[in-house]
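In the two assemblies presented below, chain A is common to both, partnered first by chain B and then by chain C.
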Partner chain A sequence: MTQFLEVIFGGIAQAAAYSIIAVGLSLVYGTARTLNFAHGALYTTGAYISWILTVGYLGLPLWLAVLVLIPILFGIGVAIETLMLRPLRGGKNWRVTAMMVTLGLAFVLDNANLILFGAVAKPMPAFIEGTVSIFGVTVSAYRVAVLIIALIIVALLEVFLNRTRFGWAVRAVAQDIQGARQVGIDVNRIFAFTFGLSVVLTGMAGLLLSPIFLISPQGGWEPFLKAFVIVVLGGLGSTRGAIAAAFFLGMVEAMVVYQLGASWTMPVWLVTLLLVLMIRPQGLLGKGQSEAAG
Partner chain B sequence: MLSVCDIDVFYDDLHILHGVSLEVGEGELVGVVGANGHGKSTLLKAVCGLVPVASGDILYAGESIRRRSVSELVERGLVYVAEDRRLFPDMTVRENLLLGAFLARGRGHEQTSLKRVFDLYPRLAERQEQLARTLSGGEAQMLALGRGLMSAPALLAIDEPSLGLAPKLVDTMLETIAELKNTGTTILLVEQSLGLIDGIVDRVYRLEEGIISGGAARAAMAMADHR
Partner chain C sequence: MTQSDATMTAQAGGRRLLAGTSAPLYWAAVGVLALAGMLITDSYVQHVLILCFLWCMVAAAWDLTLGYAGIFNYAQIALFAAGAYATAMLTLKFGVPPVAAIIAATAITAVLGLAIALPCLRLQGEYVALFTFAIHLAMPPLIQLAKGLGTGGTMGLMGVPPIKFFGLTFGPLNKIGWYYLALTAAAISVYVIYYVVLRSRTGRAFVALRDSANFARSLGINEFKYKLLAFVLSALVTGFAGALYAHYTSVVTPKILGNEFILLAIVMLAIGGIGRFPGAVLGAFVVTILNELLRDAGTYRLLILGILVVLTLLLLPQGLASIWERVSRRKHKARTKLKE
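Coming up: the complex of A and B.
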């Protein structure tokens, strides 16, 4: 029983980190209507940059590394949106073209990381050592920290979206682009900002999860796939749906790992996705098409 | 106040507006009528910066605005109200209205504008906390117009406000628009049939297959009859 609870807790902590990745993916899909295939490669890139800033080269303390990391990630996101995606927007079949461009970018980033850092996975030390005991269950302190940090990030995001003027503009663009333009919102600025924000989110998740999974050039594809399943399951473009779906799938994953072994994780995720979509095609908290039209 | 001079507008390869010109004077209520698909909405969107103008020019308060962004135009009081409303469906009525005052121009008068909209449409005041997606067609049209008013418009470009409304609601809507004119807002109003807006407009243009005609002032015509 204790072991089972430990597994469940591990699942929750990981789900929290996945929810950050997924929320980033969902934000860009919701506002700019672009499915970003480079989201996983950017997760890995974020992890490598934090490795350089900390144990790899510069040896910065964690708090300072995070302060340096955030503007770098944000800048990368803004650059991708303004230089690569904006010129495509409005052209023929731009959504498909944009998707293909992000897929190409994913391969470029993966291979650049491979050349720069080599194929051998980089270890990252846990920033917090030791274990804590919760209700008689012993869990690593690091996982507790990941859970808390991830929840804080998601909470901050919700506050931003619901309580700030700029956050309102992001939601407005997500709900009706032309309507947003009509009230004077500069939608290109919102696209650039949300892309920057989504890279910050996925890169931070890369940092948070690297002590658990190590950092490797192809390591972003599994988090990307999981984030994609989470976003579809939670309802495209719904932040709260993504968070709910992340925890749901995190628990399912933990139980699968406990009962069947880790190699069953991805098949079970996809089967869960299939089952949920058969019952609720709009996702857990997504809005149905007919509702959206009315 | 607004002069559209010989503009051409395309959607991809489709030539929608052919050398369209029109004038709207300060405080006027000018109508544009024409059948569906003849370019009325495109004309309003071009004026408000929502679609690009290929050639010709648009002057607003004496200045060319052809290459201005929508944000700049809204900040100067040129506001578009869409025929398909373009509300934010998952936000409340109040949030939709407050977003109308997103830019500095509207934000300066946020509370007075809100009161003005609620005085105009007590219905919206009652439904403040309701999501926009749950509104009826008439209420949604009220909200679309209300959101436009929140931007503190100097010139309001209203696109077919009667669309999808019951006849009784259409009358109320047009009365409201006439009232707005009386409080000093300049209005460019697009409708399908002249019969609907004949009673309230100062002048009317007709738009057929992207070509504009008419626009004589009624006062001038009346004077011409006298001579």
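Coming up: the complex of A and C.
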């Protein structure tokens, strides 16, 4: 029983990190109506950059590494949005082209990472060692830290979106691009900002999860898919929904892995995705998204 | 896109979107390739062209769903792999003769396409993209899990037997035989997709649905029926290509589902242009040959291909086909000016 509880707790901690990736994906999809296929590759890239900053080359302390990492990730995101997505927007068939560009970018990043860092997964030491005992269940202190940090990040994001003027502007764009433009919001600036923020979020998740999963060039696809399932189940643009969905799915995954083994992870997420989409075929946007944005 | 635009596309769609090449010109091009087959003696060149023909089928079938029917289908390589695995397992595990196995594999892939399309068509836009891509991502672990059924796991299946009919054996060394076999298969598949299906009422319905789904629906076009048809037909051709590929290379491994093949297919559509015949088919030739030329680049090859996708989509969003159109539009403009 205690072993089972340990597995469940591990699942929850991972899921909390997944929810950060999911919120990042949903921010971009919600505002710019772009499904960013490179989100997973950016997660891996974030992990590699933090590896360079810490144990790999520079040996920076964690707090300094995070301070350096955030502007780098934000810059990458803004660059992708302004250089690669903005020129396509509004063109013929742009939703297909935008998806293909991000898919192309994902392969560019994956292969660049493969060339730069090699196919062998890079280990990342846990930033906190030791174990903690909660209600008689022993869990690694690192997983507890991941859970807490992830919750703090999501809470900060919630405050930003609901309490600041800029956050309102982001939400306004998410609800109605035309309307937002009419009240004088610079829509392109919001797109660039949310993309930057989304890369920061996924990159930070990369940093948080790398001590658990190791860093490998193609390791981003699984978190990407999981993040999407979370977004669909939790509701687009709802950070609280994402947290709830992530916890639920994280527990399902932990139980499946516990019962059947790790090789069932992807098939189980696929089935979950299928079930979620069958229950809510429009996703959670409700209205005819393809018509409205196309 | 406004409604009058959509009407125009719906009416002129078949003609305008396919204006690139007329049927006699198409068969002339096939004839030239057939003649070229007699002149080419270098087995490597033959090999590259055989790959081109097989990729033409994959690219054309993908163009049908992604480009013309507007279904964000990213399970294309998964379906290709399904065709390859089906024929390999049928011949190796059940001893089915290759020709029967290819027919069965094509049918199996079409049914699989149906099974993927049914849930997909209830979904909208990007959700389709994600669901189909999830199928692609889930396939390697599924192949591993189904090792007991004879999928060969990570090692794959070796020694897929050569095709035999009319006393001819199409082994891996019979390059000239394969050249004509692949050319025939590709020529017929591409013809059926672009000239038969897309020029019919069905094809116009695809384009109308893609460009203005609500308006097309209001005209009484059954969206579900047409999209299902597009998906199944595309899966059928893809499965056929996959099955041929398995017999040609005689090896089927999960590497098919790796980065390379899906990237190649994306570059083909990106370079050629989506939904503009002969874009995808030309893209298949250009990219297959380019991929061979890049063999020496080693690990950099996939990086270069990826950069190529991004750059073509940014600089030439409609692909090579758009250059053609731009030139013909300029000619047209010049002509109307002269008339004035």
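In the analysis below, the second predicted complex is superposed on the first by the 273 of 294 C-alpha atoms of A that agree within 3 Å, B and C clash if a C-alpha of one lies under 4 Å from a C-alpha of the other, contacts with A are read in each partner's own complex, and residues count from 1 in each chain.
The criterion applied here is as follows: a residue touches a chain if its C-beta (ideal position, glycine included) is under 8 Å from a C-beta of that chain, and two chains touch if they have at least 3 such contacts.
Given the structure is predicted, the values throughout are model-derived calculations rather than measurements.
Q: Aligned on chain A, chain B and chain C: do they clash or fit?
A: fit
Q: Touching A:L274, do we find chain B (first), chain C (second), both, or neither?
A: Touch status of A:L274: second partner only.
Q: When the two structures are overlaid on chain A, which partner does A:G91 contact: first (chain B), second (chain C), both, or neither?
A: Once the two structures are laid over each other on A, A:G91 reaches chain C alone.
Q: Scan A:W168 for contacts with chain B and chain C and give back first, second, both or neither.
A: Touch partner of A:W168: chain B, not chain C.
Q: Just to be sure I read the superposition right, which of the two partners does A:T138 touch: chain B = first, chain C = second, or both, or neither?
A: The answer is neither, since A:T138 touches no partner chain.
Q: Looking at A:V183, would you say it contacts chain B, chain C, both, or neither? Reply first, second, both or neither.
A: first
Q: Which partner does A:W221 contact after superposing on A: first (chain B), second (chain C), both, neither?
A: second
Q: Which partner reaches more residues of chain A, chain B or chain C?
A: For chain A, the partner with the higher number of touched residues is C.
Q: On the combined arrangement from the superposition, state the nearest Cα-Cα distance between chain B and chain C in Å.
A: It is 8 Å, taken between the nearest C-alpha atoms.
Q: Which chain A residues come up in both lists, the one for chain B and the one for chain C?
A: In chain A, residues 291, 294 are touched by chain B and also by chain C.
Q: Any idea which chain B residues touch chain A in the complex?
A: Interface residues on the chain B side: 48, 50, 69-71, 74-75, 79-82, 86-91, 95, 98-100, 102-103, 106, 133, 147-148, 151.
Q: What residues on chain A touch chain B, complex-wise?
A: 165, 168-169, 171-172, 175-176, 178-186, 287, 291-292, 294
Q: In the complex formed with chain A, which residues of chain C make contact?
A: Residues in contact with chain A: 1, 66, 70, 72, 74, 119, 122-127, 129-131, 133-135, 137-138, 141-142, 144-145, 213-214, 259, 263, 266, 269-270, 274-275, 299-300, 302-303, 305-307, 309-310, 313-314, 317-318.
Q: So in the complex, which bits of chain A are touching chain C?
A: 29, 35, 37, 83-84, 87-88, 91-97, 99-101, 103-105, 107-108, 110-112, 114-115, 218, 221-222, 225, 228, 232, 263-267, 269-270, 273-274, 277-278, 281-283, 288-291, 294
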